[in-house]
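Have a look at these structures, which come just after this line.
Each of the next two complexes has chain A plus one more chain, namely chain B in the first and chain C in the second.
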Partner chain A sequence: MSVNTLKIDGQDIAVEEGATILQAAREAKIPIPTLCYLEGVSPAAACRMCLVEVKGSPKLLPACHTAALEGMEVSTNTPKLQSFRRMNMELLFAEGNHVCAVCVANGNCELQDLAIRVGMDHSRFAYRFPDRKVDMSHPQFGIDHNRCILCTRCVRVCDEIEGAHVWDVAQRGEHCFIVSGMNQPWGKVDACTSCGKCVDACPTGAIFRKGSTIGEKERDREKLSFLVTAREKQQWTR
Partner chain B sequence: MTRTIVVDPVTRIEGHAKISIFLDEAGEVSDARFHVVEYRGFEKFCEGRPFTEMAGITARICGICPVSHLLASAKTGDKILAVKIPPAADKLRRMMNLAQLTQSHALSFFHLSSPDFLLGWDSDPATRNVFGLIAANPDLARAGIRLRQFGQTVIEKLGARKIHAAWTVPGGVRSPLSEDGRQWILDRLPESFATVSLALDLFKDMLDKALKGEIDIFGQFPTLYMALVNSKGEWEHYDGHLRFTDSHGNIVADGLSEDDYSQFIGEAVEPWSYLKFPYYQPLGYPDGIYRVGPLARLNVCDRIGTDAADQELQELRDLAGGVPTSSFLYHYARLIEILACLEKLQILVDDPDVLSSRCRAQGGVNHLDAVGVSEAPRGTLFHHYQVDENGLIQKVNLIIATGQNNLAMNKTVAQIAKHYIHGPEIPEGLLNRVEAGIRCFDPCLSCSTHAAGQMPLHLQLVAADGQILDEVRR
Partner chain C sequence: MDISELYRLAERGRSRRKPFRIRCCMAAGCQSSGAIAVKQVLADALSAAGLNDKVELCSVGCLRFCGHGPMIATDPDEALYERVTPENACSILGALNGESSMAPRCDGNQPFFADQLPIVLENSGQIDPSRIEDYIAVGGYESLYQVLYDLTPAETVAAITQSGLRGRGGGGYPTGLKWSTVAKMSGDQKYVICNADEGDPGAFMDRSVLESDPHRVLEGMAISGYAIGASHGFIYVRAEYPLAIQRLQKAIQQAKRYGLLGSQIFDAGFDFKIDIRIGAGAFVCGEETALIHSIEGRRGNPRPRPPYPAESGLWGCPTLINNVETFANITPIIRNGPDWFRNIGTAGSAGTKVFALTGKVQNTGLIEVPMGTTLRRIVEAMGGGVTEGRVKAVQTGGPSGGCIPAQFFDTPVDYESLQKLGTIMGSGGMIVMDDNTSMVEIAQFYMEFCREESCGKCVPCRAGTVQLHELLSKIVNHQATVVDLEHLEALCQMVQEMSLCGLGQSAPNPVLSTLRYFRDEYLARLKPSMLEEVGHHVR
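Right, the complex of A and B next:
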């Protein structure tokens, strides 16, 4: 197996061929913020929080989806990236309807945590207050599109781990939303096995267990990568 | 020439309002109006939300008595789930409401109203507040502040936060009282009892002397009263049924269920105020005027059900020679209620159930239309939700205590104005009395219009043709 050597934030790092910049950085304990990235499923590069600068590239590149190549020089925390991440975060908040004070995920939300981490104290962009729906038709779970950031984690866990493929992304641009089945109420989609993996995967309060009230959302994120490891490597780690 | 005097904004109440006083050709007061000039539209933006969020949303209507909304909302939620909540949850919710009544009444009496009694109606407005009180009577001020803190801390011990605790949920509460919390309450109860008896002695003494006149002028008129009572006809704050009584102590209606509120409560609207005017439907508008809140609760019940509070209630009834009808006695009623709350807290804190973790029932959406009721510090609070089969809110109606006192507040202002105002000269202390008439009801305009803000003072004097002749602001 061949190995690539590269520099991340000035540090020399060697990784297996095929690893991404994010994997290389994580191995070297260099933090890169992520939101849509989820251990155990394929990367989507949807949220753009993990963008890094690579010497020689005019574009910012998503660390979760860019291979770590021989001789690369990567910067993960430049002033440009910092200001970009903050702006990106503001846009995520301005795009949906996030009323943290009454949200099931309040205090246990990756979007909230990341907003704090990138130093977002307010949004410079006007909130759009889009008119979005809440679907409570499923007997156990609910989805509140107001809080969805279109990270597609639910789409990927349902397809790649559970194999049910209940979720998809419909429409384009600002009209994008997550659909269940053929744009049916979630409770009407026969494919759904009610396994709850999407509840565990969702970084925000968009997908939740019914009956949960403010700040009561709990998730078992590690279960997802545990399942993948068990299936692919026949290793039961818990 | 007829004139109108407008007090805007009114101070030391929760919210924003103004008062207009209309003078007739002879310079005598012909009428007075208490306008609530804020609007928030909470009912509208609840639509489409899951009913499980309602406690959290409606609690944000107000930072003063969020617990009341949490309770009314959770009770409405219980009915949507169609569950009977565990006994532990019932007792824990009661504890929180008792703590809430205590802290809110302490705030009203010590921080907002006592400066008038103790420093004088005509004292300098700059120091006629809680800071002036601290300077003049530091021991009383400190005791009052600590009494409020006691109530706040009990709420915090139960719900993990002082304000907006998301602890009451449809089906019960999230967690029981901890052993530490129980001990803390037990340790602090004696001091709280001492404070309320100090305040009662002081206030009763003043009613005999300095404040004797106020009883007849500050909203002394007959109305109906409405409040919850329990199955024995005793004072109730959380459950039970609704009862209406009149100013002679007769029961006008009894055993009413909150579910039927729309059959006995009408809501009139006037173009000059955002605050609706609820009335007792069988008597029509405005004859169906009724009062809610501390005095109403004491007037409606046969007895309180605890020894010390019942003794105080008897003294109040003796003083009034029957049913106390003066709105000024709301202050007195608040102190008696604090005593009742402390006595009931004492009983509950000794009950092993409050430490039980069986405190939350689960259920699905089983009723699409539900009404919940509880007694807030300022009076009876109704939440009415209609949901679809998935539990999404289709319609919300909130009937708030302060709204139900709206007619009585207007009448009180008119009575005070008629007594003190003769002609165009309006001394400052007089404005203060008009405001104090409003403060008897401890109105919370944040809740009643579901509106926010702090209340400054604006008074206008208006001629018969509507022209504003004079204006005072502070």
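Right, the complex of A and C next:
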């Protein structure tokens, strides 16, 4: 096994060959914000929150999808990145209908946490108030598309870990939505094993357990990494 | 098939020619203005007059002057007719005998034609695209033979590198470098893809090449397959191009029948097959990684690069992806040598470029000019200037490009010069605008296009283009404030730098470019109460 050394925010870091910038930064306790990234499933590089500056690269690079190479000099929190990330959060909040006060995930929401972290207290951009649906047809779970940020974690977790591929993305651009089965109500999709992994994966209150009310959503995120580690490394970590 | 047979076919094709030839453009443009009916009238008249052994009536590809169709050309007098109707078509027969014709003559010596340098379009309007024999008669597939027998794959790549050819799909990436990267990748399975998705509004260069001379693209692809070590190619063409698809299908069938595609081509131990894949017409599917996903049968979403397709493309295999026009340049480079090609155009941009000249210009149609031709030459001489008023600007690169105001018309058209002006060569759409055109509305139009065509995968493009379009609409409707303008500019920069693929990264370009040259027009459209603040007075 070979090791690469690189500099992240001025700090020298040694990581295993093949690690991403995000993994290297997390090992060194340097926080890089992420939304669509989920340990255990493939990176989508879609939310763009983890973009970092790398010396010599004219483009910003997604930390979750860029290998940490020998000699790299990475900056994770420049004023430009801060301002871009904030704007990105504004776009997300303006795009959906995020009414935290009545959300199951209030206080336990990655979107909310990140908004606070990047200092987003209002949106410069007009709220779109899109007309989106809620699907409560599943006996145990519900999905409220108003809160969905299209991170595709649910899609990947259900496909890659559970192997059921209940979810996918339908339409394009602003009309995209997370679709169940062949555009059926979730409760009608035979492929769903009701395993609940998508509930655990969802960063917001979009997918939730029925019966939970404001601020009650809980996730067992460790279960996902536990499963992946068990499968890939045959190690049972809990 | 061996070379003597190919020569024999070519010779037979040439000797079959009759003393007179009437070439009717049967590309999509002329067909839509009634070319089929015109040709039928001519065919009936020829039979009635018993002239069929003297006069050959043939269907050819684009004769360039698309705005004046249906177009007809005759040989040997090389006369050109425009706007031919079923009523006046027959008089063209008389003109072959020196009588005067009722069909309007088109001056083939005007700059629109005289300033063209046909390389990609050399056979376009000359041969019948549905007859492989016509292509072979003008030397078709001889370059493929030459490559298979006289050059090693590495020498073939070197020839392309030496020619200085750059990708015509928009980015201008050096083609030789791309080929050599794929050639050097290990692995038995590699693929060639021809990108015929052509989604820019106003662009029809690739469609025209496919409709007019499909074999040239097939031959170029086969040569690339030999060069990089691939035996399978795909042409990804949009469903909106039914005629191009039909001609490609026919061309592939014919080439297979002659053993010019398939296994053991020219008995040289080289196999190459080509399949067509039809896209549903999403602009983003022209982006190479999205296109690859689409061929694989998945949703046409882009993915981050690296890895580039050269390393990991179709089904994870090294894949060469080039544009239609790029492939169309390969055969002449092999035939005439890389130095011949290199000496055409400018130092950094070799060869020619095909443009679809449209908008408020007198002469709309297809032009092929050497790189380095000035915009003035193209717009004023070849295009004949605007239909009314004054020329204001030219838009290149479609929704990913920008505008070039008239004061820069002496700029030579090459990759670097256009980039310096804040636009791109793009795939070849060139839209001329007159002084009645509102640049803010142009920017709004392109942003609406990007908003609709965004795949929705990444946040800055999916949600950013929506907000950019809304802000532009606010400006167009005189409802925006100075602060909105600031937000517009800040968001442009963010969407450019944060988006995942080229669509989002270049979506702000038309806005930034019109802001750069026509900021006044933006300011004049602000909320009336704002105008004073920005030093503008209401008229």
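Simple rule for what comes next: the second predicted complex is superposed on the first by the 238 of 238 C-alpha atoms of A that agree within 3 Å, B and C clash if a C-alpha of one lies under 4 Å from a C-alpha of the other, contacts with A are read in each partner's own complex, and residues count from 1 in each chain.
To be clear about the criterion, a residue touches a chain if its C-beta (ideal position, glycine included) is under 8 Å from a C-beta of that chain, and two chains touch if they have at least 3 such contacts.
Everything numeric here is computed off the predicted structure, so don't read it as measured data.
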Exercise. When both complexes are superposed, which of chain B and chain C contacts more residues belonging to chain A?
Worked result: C
Exercise. Touching A:Ser137 in the superposition: chain B (first), chain C (second), both, neither?
Worked result: first
For this session: State whether A:Ala45 touches chain B only (first), chain C only (second), both chains, or neither.
Result: second
For this session: In the overlay, answer first, second, both or neither for which of chain B and chain C A:His175 touches.
Result: second
For this session: Check whether A:Val102 is in contact with chain B, with chain C, with both or with neither, and answer first, second, both or neither.
Result: first
Exercise. Touching A:Ile214 in the superposition: chain B (first), chain C (second), both, neither?
Worked result: first
Exercise. Can A:Arg128 be said to touch chain B (first), chain C (second), both, or neither?
Worked result: second
Exercise. Given the complex with chain A, which residues does chain B contribute to the contact?
Worked result: 48-50, 52-53, 55-57, 60, 164, 166, 169-171, 174, 362, 364, 390-392
Exercise. In their shared complex, at which residues does chain A touch chain C?
Worked result: 44-48, 51, 59-60, 62, 65, 83-84, 87-88, 91-92, 94-95, 124-126, 128, 149-150, 168-169, 171-176
Seminar exercise, completed: Per the touch rule, the chain C residues reaching chain A in their complex are 282, 284, 299, 301, 303-304, 451-460, 462-467, 470, 487, 490-491, 494, 497-500
Exercise. Which of the residues in chain A come into contact with chain B in the complex?
Worked result: 101-102, 133-137, 139, 142, 144, 187, 210-216
